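Chain lettering (A, B and C) follows the sequence in which the chains are written, and residue indices restart at 1 in each chain.
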Amino acid sequence: MTDLSLKMLHRFYEQLWQIRFFEGHVQRLAASGEVPGFPHLSTGQEAVAVGVCANLTEGDMLFSGHRAHGHVLAKGSDPYATFCEVIGRQDGLCQGRGGSMHLVDVSTGMLGATGVVAGNLSLAAGAAWAAQVANKEKIAVVFFGDGATGSGVFHETLNLAGLWQLPLLFVCENNGMAEFTGREEHSDVAKVSAFAAPYGISAQTIDGNDVLVVNAAARSAIQGIRAGSGPYLLECMTYRMAGHYVGDAQHYRSKEEMATMKEKDPIERLRLHLLAKGDSAEELEAIMQRVKAEMTAVVDRARKAAHPDPATVMDYVYSADFPGREENAKWN
Amino acid sequence: MSANVSSNLAAMLKIRRFEEQCIAMARAGKLPGHYHVYIGQEATAVAACAALKPEDFLFSTWRNHGHLLARGASPGKMLAEILGRSGGYAGGKSGTLHLSANDLGMPTTSALVGGSLPLATGAALACKRQGKGIAVAFFGDAGLEEGAFYESMIIAQVWQVPILFVCENNSIPPKDRKRGQYTSSTLPAQRLGDVTQSLQIPSEAVDGTDLTAMEECFKRLTAEVRNGGGPRFVEVCCSRWPGNIMTWPELPGGDWQIDWAFGGKPDVDAMVAWLSSDPLSLYLKKQLAAGALDRTQIEAIDAAVKKEMTGAAQFALDSAFPEASEAYRHVFAAQESAL
Amino acid sequence: MKITFAEGLAQAIYEAMAADSRVVLIGSSFMGLNMTARKLMEPAVRDYSDRMLVTPISELALAGAGIGAAMCGQRPVVDLGTGSFIFQAFAQVVNEAANIHYMSGGQSKAPVTFYCLAGMRGMGAAQHSHRTQAMLGQVPGLQILTPGGADDAYQLMKWSLLKSQNPTVFICHSLLFTETSELDPNEPMLPVGRARIRRQGSDVSIIASSITVPRAMAAAELLEKQGIFAEVVDLRTVVPLDRETILKSVAKTGRAVIADECHKSFGVAAEIAATLAEDGLSFLKAPVRRVVVPDVPIPFSQSLEEELTVSTEKIVAAALQVLGR
């Protein structure tokens, strides 16, 4: 865990702040209505995205869900294009078609976030299978919440992955909340990793709020997958510092619970680690301020970006070779 | 001969002879469409249904004939339905795949893999709310490959409803699976109960060729479920009858012969081998060895069953095909029958 | 008494639970993320929480459990949340619920209600904006309720929970919660399967349902300022579909504009247009116009979604077009 270079640790620190500030802007602008819809924040869960993605190469394929900002940024997407997408602008990753819940960036291997709980799991299995038949070293990674384990497709996918020995890393971000319902209320199974064993899939439950723990566990799991040992399920116990969506008043949480949040904050934990390693508080403050300023500039620029032209609304319904393209345009 | 032995024998024979009748009718071109028979699994339905009460609900699959017969359904009305006649349970609208009998607590039968499992869970919810009865869901090993299975198990466990999940595992052993073959269940799990146990549902396995073992098992599990113990899962390890093949069922070696329990042998090797795991033959041999019955008694029971089947076939064949106007009835339940 | 759509729903659910202990709620966040509307559910939560089941995210099994419990004596309503999530439950809704009564030759029935908070709600993007009434209209055996007014939200929900004998998909448009209408609880309910003439008119019939009802009413007001009298036909239910009232209205006005939030091809409006072509051609003084959503997945960006929305302005323009103005 300590074998990481200081440069790498600083990179983690930057990335954590990058996601935190990005989502801070999302939250702020959602409150004023400028970010439309109901964006879902990963505040408090950033360590999972950063820790896992650091082990991926450009060719690896990523799938995420409705809480995807962190995963997209950690996989290397341009924050400007990502923010533009969140506010529905033409410069967005999907030219404004997808929004916060449906971020896609094929250039980085981020093949899709889905707004449907568990909707990404079987897709990831398919991507892993494609990598397997192409005999490539590529792997697929899918991020999902513990709520997704209530869905049958989670089990269908575990079965397929185990059966076909797919190069697939399941990363469960167990934040203990399925939307607004605590896990103890909707499932009798405390640990998601317990689901993996009957399918012959190795699994581990780790502290998902420590980026170093996540990084090390993911590295070892991914090395195993690349070496051909089949799928792996990494359950990261984490904590959603935000509500289910921006505007959720979180009446289901006690004051005491809210007060302990700071101790769980992955950024604070990495900061303390870096201080212990000899970094000065000023140095770390400077990194944070730099990332903050960069992100503010990105958001300012994104807010000035153009909205998509309504005349282009028929674009991308079908790919360009769809035989009914002209007919469609004429009749609609 | 105890009443229990004779009724078990009669119940298993009834299912076997009924299915043989179906195969004969299909051969004669009278049974349209695809169908599935329960030969080789008779003991499961007989043992399970013996543990049930009239207020309980049963859910089955496309392989449902045995469950209905063991529950007491009329072979004539079943056969009429299978032939698409107006005298059938659903007036010819369901056929073999969806055979059901609401008055016996079998309100519908889904022919989709895993299709009945959520419905059965809902029936168990109704039982819990109404304070009587339990639900039993019969399904094959392929059901475990469906997400519906997990979702049903999860909500059954969270809601603690009275349901017994009975998985009749008749899968092709992995070594015999071939590409291009009709699929059999493909789960990495060695014991199916491992999967359900991970959902915290008490799970066990029982020998599907041993009627006596299953009688004990179903009696105990239904009592636990009935007493508010929440859901239970049992894997019934069935032997796969050689006639259960990908396309249409066949009768290797012809109709089952009583003589096969007395040293006689079918002329098909696969059948000879299978008889040592045929629940009906095994039960007979066990009772014979214990001196609980003799050949004359067996022949008398079989003759009665065969007579009943002949009557059922006659009833079904005499039953008219439904009028064309029937096609438009029952799309919606009549509102006037409300409340 | 003036009530809002959300009040009508909450009131119907409360009264149905009070009237019949067989009414069970499988999932209970009927008002989605609308916190004001959610408060309206509090009396039911307070008095009948024992009949509200906490649910994992298992739409398929929850829908099926609703069907199973309905077959065995309960009257459940399954809250599928965002209307698009009914796709996770399609196998049970489409291939089980709809077939049960028919396939059993009338032996069994499943009076279950599937509740969907559906529609183009504003930046829901393609996965949270579906209106499934047209595709579900292709499934014989399902009743499809599409209230467009608070009165019908109350009455149809209450009917579905207490009286209906069939599986029902209740499509509640997310943007209707604040719509108001007059409701006299003592007045007998307009029978299910009868359309409601929301506004009498002589020049053009605007046929609407769900969210297009208030938009059609607003269009009729604007048209009146130009001296055009539009009749607004609120279908209330897509299945059953009241073809008779549609034909009668068009026989009177001679012109038809169909406003519907389903996609254009194979949609609800297409079915109504076909009915007019088959049985009402002689009434028509001008071709029928459909004001519908083009065959495009719903985009996230506001400017793009607005381009596709069935707006009051588009309905007015279509009315003027059929009138040759």
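To be clear about the criterion, a contact is a pair of C-beta atoms (placed from the backbone, for glycine too) under 8 Å apart; a residue touches a chain by one contact, two chains touch by 3 or more.
Quantities reported herein were computed from a predicted structural model and do not represent experimental measurements.
*Asks:* Going by CA means, which chain is nearest the middle of everything shown?
*Replies:* The most central chain here turns out to be C.
*Asks:* By the contact definition above, name the pair with the higher C-beta contact count: A-B or A-C.
*Replies:* The comparison resolves to A-C.
*Asks:* From the mean C-alpha coordinate of chain B to that of chain C, what's the distance rounded to whole Å?
*Replies:* 41
*Asks:* Could you give the separation in Å between the centres of chain A and chain B, each centre being the mean of its C-alpha atoms?
*Replies:* Here chain A and chain B have centroids separated by 47 Å.
*Asks:* From the mean C-alpha coordinate of chain A to that of chain C, what's the distance rounded to whole Å?
*Replies:* 36
*Asks:* Two or more other chains touching the same residue: where does that happen in chain A?
*Replies:* 150-152, 185-187 - these are the residues of chain A that touch more than one other chain.
*Asks:* Among the residues of chain B, which are close enough to touch at least two other chains?
*Replies:* 147-148, 150-151, 154, 158
*Asks:* When you check chain C against every other chain, which residues touch at least two of them?
*Replies:* 54-56, 58-61
*Asks:* Can you tell me which positions in chain A touch chain B when the two form their complex?
*Replies:* For chain A paired with chain B, touching residues are 150-156, 159, 162-163, 185-189, 194-195, 197-200.
*Asks:* Tell me, which parts of chain B touch chain A in their complex?
*Replies:* 145-151, 154, 157-158, 186-189, 194-195, 197-200
*Asks:* Would you mind writing out the residues of chain A in touch with chain C in their complex?
*Replies:* Chain A reaches chain C through residues 36-38, 85, 88-89, 92, 94, 96-99, 101-102, 114-119, 147-148, 150-152, 178-181, 185-187, 245, 247-249, 307-310, 312-314, 317, 328, 331-332.
*Asks:* Within the complex, which stretch of chain C touches chain B?
*Replies:* Against chain B, chain C makes touches at 22, 24, 53-56, 58-74, 76, 91-92, 95-96, 99-111, 140-141, 143, 162-166.
*Asks:* Taking the complex as given, what residues does chain C use to touch chain A?
*Replies:* Contacts found on chain C: 29, 33, 35, 54-61, 84-85, 88, 122-128, 264-265, 294-297, 299-304, 306-308.
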